[in-house]
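Just below sit the structures, each encoded as structure tokens.
Paired with subunit B in one complex and with subunit C in the other, subunit A is shared by the two complexes that follow.
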Partner chain A sequence: MSRDLAGVWLAEAAVFALVVAAILAERPWALGATGGALVAAGALVRFVPRLGAALVGAFARRRAAALAGGAVFALALPLALRSSPYWTFVATLALLYVTIGQGLNFQLGTAGVINLAGAAFAGLGGYAVGLATVAGGWPSWLAVLVGPWVAVTVGTLLFVPILKTRGHYLALVTIAFVFIFNILVNNLEFTGGPQGIKNIPTLSLGGYAFTTRPALAGVDLPAHANFYYAALAMAGLTTWVLRRLHDSWLGLALNTLRDDEITARCCGVSVTRGKLLAFSIGNFFIGLGGAFYAVMVGFVSPPDFDFGYSLVMLSVIIIGGVDSIPGVVLGACLLVPLPERFRFLHEYRLLLYGVVIVVMLLYRPRGLWPAQIRRYR
Partner chain B sequence: MSLLEATGLTVRFEGLVALDGVNVAVAEGETVGVIGPNGSGKTTLFNALTGLLAPAAGEIVFLGRRLVGLEAHAIARLGIARTFQASRLCLDLSVFDNILIGMHARRRTSLLDFVARRGRFLGEMRAAIERASHLLTLFNRALPQRGFERVGQLPQIDRRRVEICRALAAGPRLLLLDEPSAGMSPEETAELMRDLRIVRDEMPGLSVVIIEHDMFVIEGVSQRVVAFNYGRKIAEGSFAEVARHAEVRAAYLGTEAPHA
Partner chain C sequence: MLGVMYALVAVGFTLFFGVLDVIHFSHGDIFMLGAFAGLTVLAGLKAAGLGGALLALPLTFAVSIVATGLVGVLAERVCVKPLARASPLMTLLATLSLGLVIRESVLIFYPRGADPKPFPQLLPQGGVELGGFVVRYENLAILGIGLAAMVAVDRIIKSTKMGAAIRAVAQDPEAAQMMGVNLDRTVDATFFLGSGLAAVAGILSGLYYSEIHFIMGVTGGVIGFSAAAIGGLGNVYGAILGGLLFGVLQTTAAALIPRGSEFRDVVAFAVVMLFLVFKPSGLLGDKSVERV
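Entry: the complex of A and B
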């Protein structure tokens, strides 16, 4: 059915074009027009049932083609944004939040292990990279691969007191941990105190330094495009791995553990093992995001990993959809660029996230893209 | 030899003795009914057998292994499955997922298979879903078609069936049913009795212990009945014997118990 195919790709192209236009619009009226067009398109799909159903059906029937189309547009984004290194950077940041959000969602959404220390675990990955490269002289790529394991290890140690707590106390323990982490890196000698760690060498793979400006199809791109593509590969791989883990015995066991611990135990699920596994897998990807951030911006300091960022990570999940893997992608792509586009919002970012969380929990608790039922195919 | 043998089983909550030196044995393939007024220790017995509660004293031997001190998930893996008095389904998960979790302990694929050798995992899942469908069909032919719906959308009687299917999915040697007719109409209870007979015909080697207040269910399905009061076993035998027992009548009808 080539009509489906045309519909899917046309819809994707329209969203891509409108998003790029909204990002690059310089005059307020242009931004208003493109933003209005996006909202109108969304409302059309939402409130014209036949159109919405047709699109949903087309996407369901043509999943592979839809994913391929999405990949093509994701690959093409730096070309469209080539005039603006800044927006290439923001797009990369959104991809880091996809990686981190998937990790956090596996803990919080899939297993119900509340973790409000996302910023600290990202910080552990980032600081590990900083220390390994600047003090230890490691190559950056090796540090990025090792950094996440520091987050996993510290997470495992923290897990001992966590396991003895239930419900809200878990949230409190992890909140305490973010603040402990911040106070420590702020005051310890070897983490550079409030100055943090500067001059983290940039990534270079096989002699190709990420500071060189790449050219794609004869078009020169800003140097940040290197990081964009690396972050795209990382976010894609993370999403792919966690999708498969979610749609497996492990994801099922963790969902059961989240919904009813006693049932899970009576079905042979070990609470300790399940929660520790979910916590560790999640911390790995959160730490990976933090490690990548460190080599991307070249320095880490305490305010990069304060409690506010834990809330940003949490809002990504709540707006996208708790336990929903595509939801996390959507949440990160919405929530990271929006305050950058509307600078006046930037000052009130945390307020915005707070409002978003409350509104979503009240009116759409399952998120914009709710979790789907496992089909095992 | 008994499949399960509990001796001198005692459970205390602070000062209250919920189970007081109880001896219970279940033979292979046998269905034992457990009766007794509210608070007499029936559910506490189940909780102690499944490892949710630690007994203060006593011994539980199942298939020649001592269960006291084992964690609930380890006991489940040895072959004891149960249902709960108040339904404990994960309402947001699908009907199939609620049954598949029962097979979790018998999985043969690992994390590596989930991610990298997906074909192997999906093959196992297809077989597992087929088994879940088969179990559902035993009770209600229409249920497998609703396998990928959220279990919260099913009516009460079908939810109870899903819960029994979950317990059976584990392939247990011993099935503990905690008041399956709770909250059911007489018609639904009749259907439930039919379901329980189907289970017995399908799995003749399976031992069942069933807690019930509905005496028709107890009489209809159990070969042996054990009666509890105040945490003690007060009678044991055939349904007719137990029903005639003076202390049982006293516990249920409230007349003065003759001192033996």
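Entry: the complex of A and C
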């Protein structure tokens, strides 16, 4: 049994070390070596059945230890990235996408409610924070807590046309909504037009501003470390809540609803209520991600929330695995940092996203980390 | 004028839906591609010294229709057909992503693709005054070309063998196959037809606004789909009606509301949503919408 424990932690430490090395590698050859090592490690586990099975078994038997180890390494990441505030920022962004992705996955993956307006709901959260703090003079933390509810409320209004329609029409309604949202914030006076809302005050709790550089036991951490830890807490909490919901009767009912509405109805699942619940819960977390983004970056503007970002949010889910909660985490952690790492490909970023999604859908439609069949004990 | 273009895009949406029961979300970007194909052909003709509008215009339309139609067939082969048995969500996501790929490809690989491209003015300028309104020749020509394209589609669907096959497949693919209709060829033909129409719409849009931009496919696609939905998916005449109606809505909103030109799309989309609430099967919907 202690061999399992050692194996789990060793594997996690190896992945952590390689990822940090790959992020910090400055010369192309160093990047190539670390990236190659990561791919090689993955291939080794994949294609040496005994090693793969042993690792999978060890992780399955030592779930708690594995999660604890993962948490320790996640906490240690800013320490390892001390020399690079920029990468701490990117890591924080990835955690925001975990939050948003989990919300969207609950709608799209679990309940099958297509939502192509992710960017608009994140934008609602962000703009609500901007308006409440800059125009209303609210403290930031209160605005971040209230912002998501704006997304939920507007989402409920939008739900009226959605309720009557299905599939393709649902996509149409949500796409049209992204456009309406973008045109409105671009042209209305109180949202600042194309300039957006600037100078959103940063988060501060009890007089402690989140932009100060934290020092931990004498070690200075990068400036974004506070946000990183806040985002880590948020993403962790979101993942935990949605995991519980997914495993609960609600998640099961929503899965039934997604797979066959008539069957679900025959089994006593209220289609309207189920869809509305899933849609609202998802929008809450998407709005939360947007609200957090607003206080972290300090401004919101229309291009931050255009249709392209809806597609990025979708790609997170498809690459990770539809209806797969660990998959969403994996998808966000791959999709957000990778384009930053390969900045020379930045121009091709969206093109590559598109190609990757098409290829994934054709050849691996269940994602890199497919959802497991539910097991009940 | 706007309505005619929307109608042409909407017909594509409705044709694809009729034959394969899918929404081809990259259709808007195919419309954009048609406009760029037209621009490229025009530039090529100009370089070859064949700048005369009388010759250039038909040639541009012909080449762009064929090129865009082939791209449409390719899109169907890559993204739609292989996923025909998967859930509609998969097709939706795949075609959305394909649209992204087309859009970004034009942005990156077309020379200076990020800028709006001026589109040459080929149609006669000027106009005639009719009872207080100035009717521009250009608009009349666009209207004429658009209507001609619609009549052509109507003839193709009504009275050719391929049109009969398309109608048969739309009614019941299996029965059609039993009657000897080649399903694959019919689907290809439908996508060729729909994408060709999108190319016509794209060139008309270039002529109308005298500029095209790689981003035009996004709004163009959403509007085309909305128009098809208003008219009733699967019904070609509904799509035409929906397209014209959407154009009228936009123009009325732009004229009646203060700063309406900025908010015209908001008004038009809001009306579409209302339509979906109160009449989800569209104006002339012959295929009932699943509402279970």
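Just so we're on the same page, the second predicted complex is superposed on the first by the 375 of 377 C-alpha atoms of A that agree within 3 Å, B and C clash if a C-alpha of one lies under 4 Å from a C-alpha of the other, contacts with A are read in each partner's own complex, and residues count from 1 in each chain.
Simple rule for what comes next: a residue touches a chain if its C-beta (ideal position, glycine included) is under 8 Å from a C-beta of that chain, and two chains touch if they have at least 3 such contacts.
As the structure is a prediction and not an experimental result, all values here were calculated from the model.
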Exercise. Where does A:249 make contact in the superposed view: on subunit B (first), on subunit C (second), on both, or on neither?
Worked result: first
Exercise. Thinking of the overlay built on chain A, is A:145 touched by subunit B (first), by subunit C (second), by both, or by neither?
Worked result: neither
For this session: Go through the superposed model and pick first if A:161 touches only subunit B, second if only subunit C, both, or neither.
Result: second
Exercise. Who does A:262 touch here: subunit B (first), subunit C (second), both, or neither?
Worked result: both
For this session: Could you say whether A:179 touches subunit B, subunit C, both of them, or neither, answering first, second, both or neither?
Result: second
For this session: Spot which of subunit B and subunit C makes contact with more residues of subunit A, would you?
Result: C
Exercise. Looking at the overlay, does A:72 come into contact with subunit B only (first), subunit C only (second), both, or neither?
Worked result: neither
Exercise. Same subunit A residues contacting subunit B and subunit C, which ones?
Worked result: 262
Seminar exercise, completed: As the complex stands, subunit B meets subunit A at residues 50-52, 71-74, 76-77, 81-82, 84, 88-94, 97, 100-102, 104-105, 107, 109, 111, 114-115, 118, 121-122, 125-126, 129, 148-150, 166, 170
Problem set entry | Of all residues in subunit C, those that touch subunit A in their complex | 17, 23, 25, 78-79, 82-83, 86, 88-90, 92-94, 96-101, 103-105, 108, 218-219, 222, 225-226, 229, 233, 259, 262-263, 265-266, 269-270, 272-274, 276-277, 280, 289-292
Problem set entry | Sites on subunit A touched by subunit B in the complex | 241, 244-245, 248-250, 252-253, 255-256, 259-260, 262-271, 373-377
Exercise. Which residues, counting only subunit A, touch subunit C once they are in their complex?
Worked result: 108, 112, 114, 116, 160-161, 164-169, 171-173, 175-177, 179-180, 183-184, 186-187, 261-262, 307-308, 311, 314-315, 318, 347-348, 350-351, 353-355, 357-358, 361-362, 365
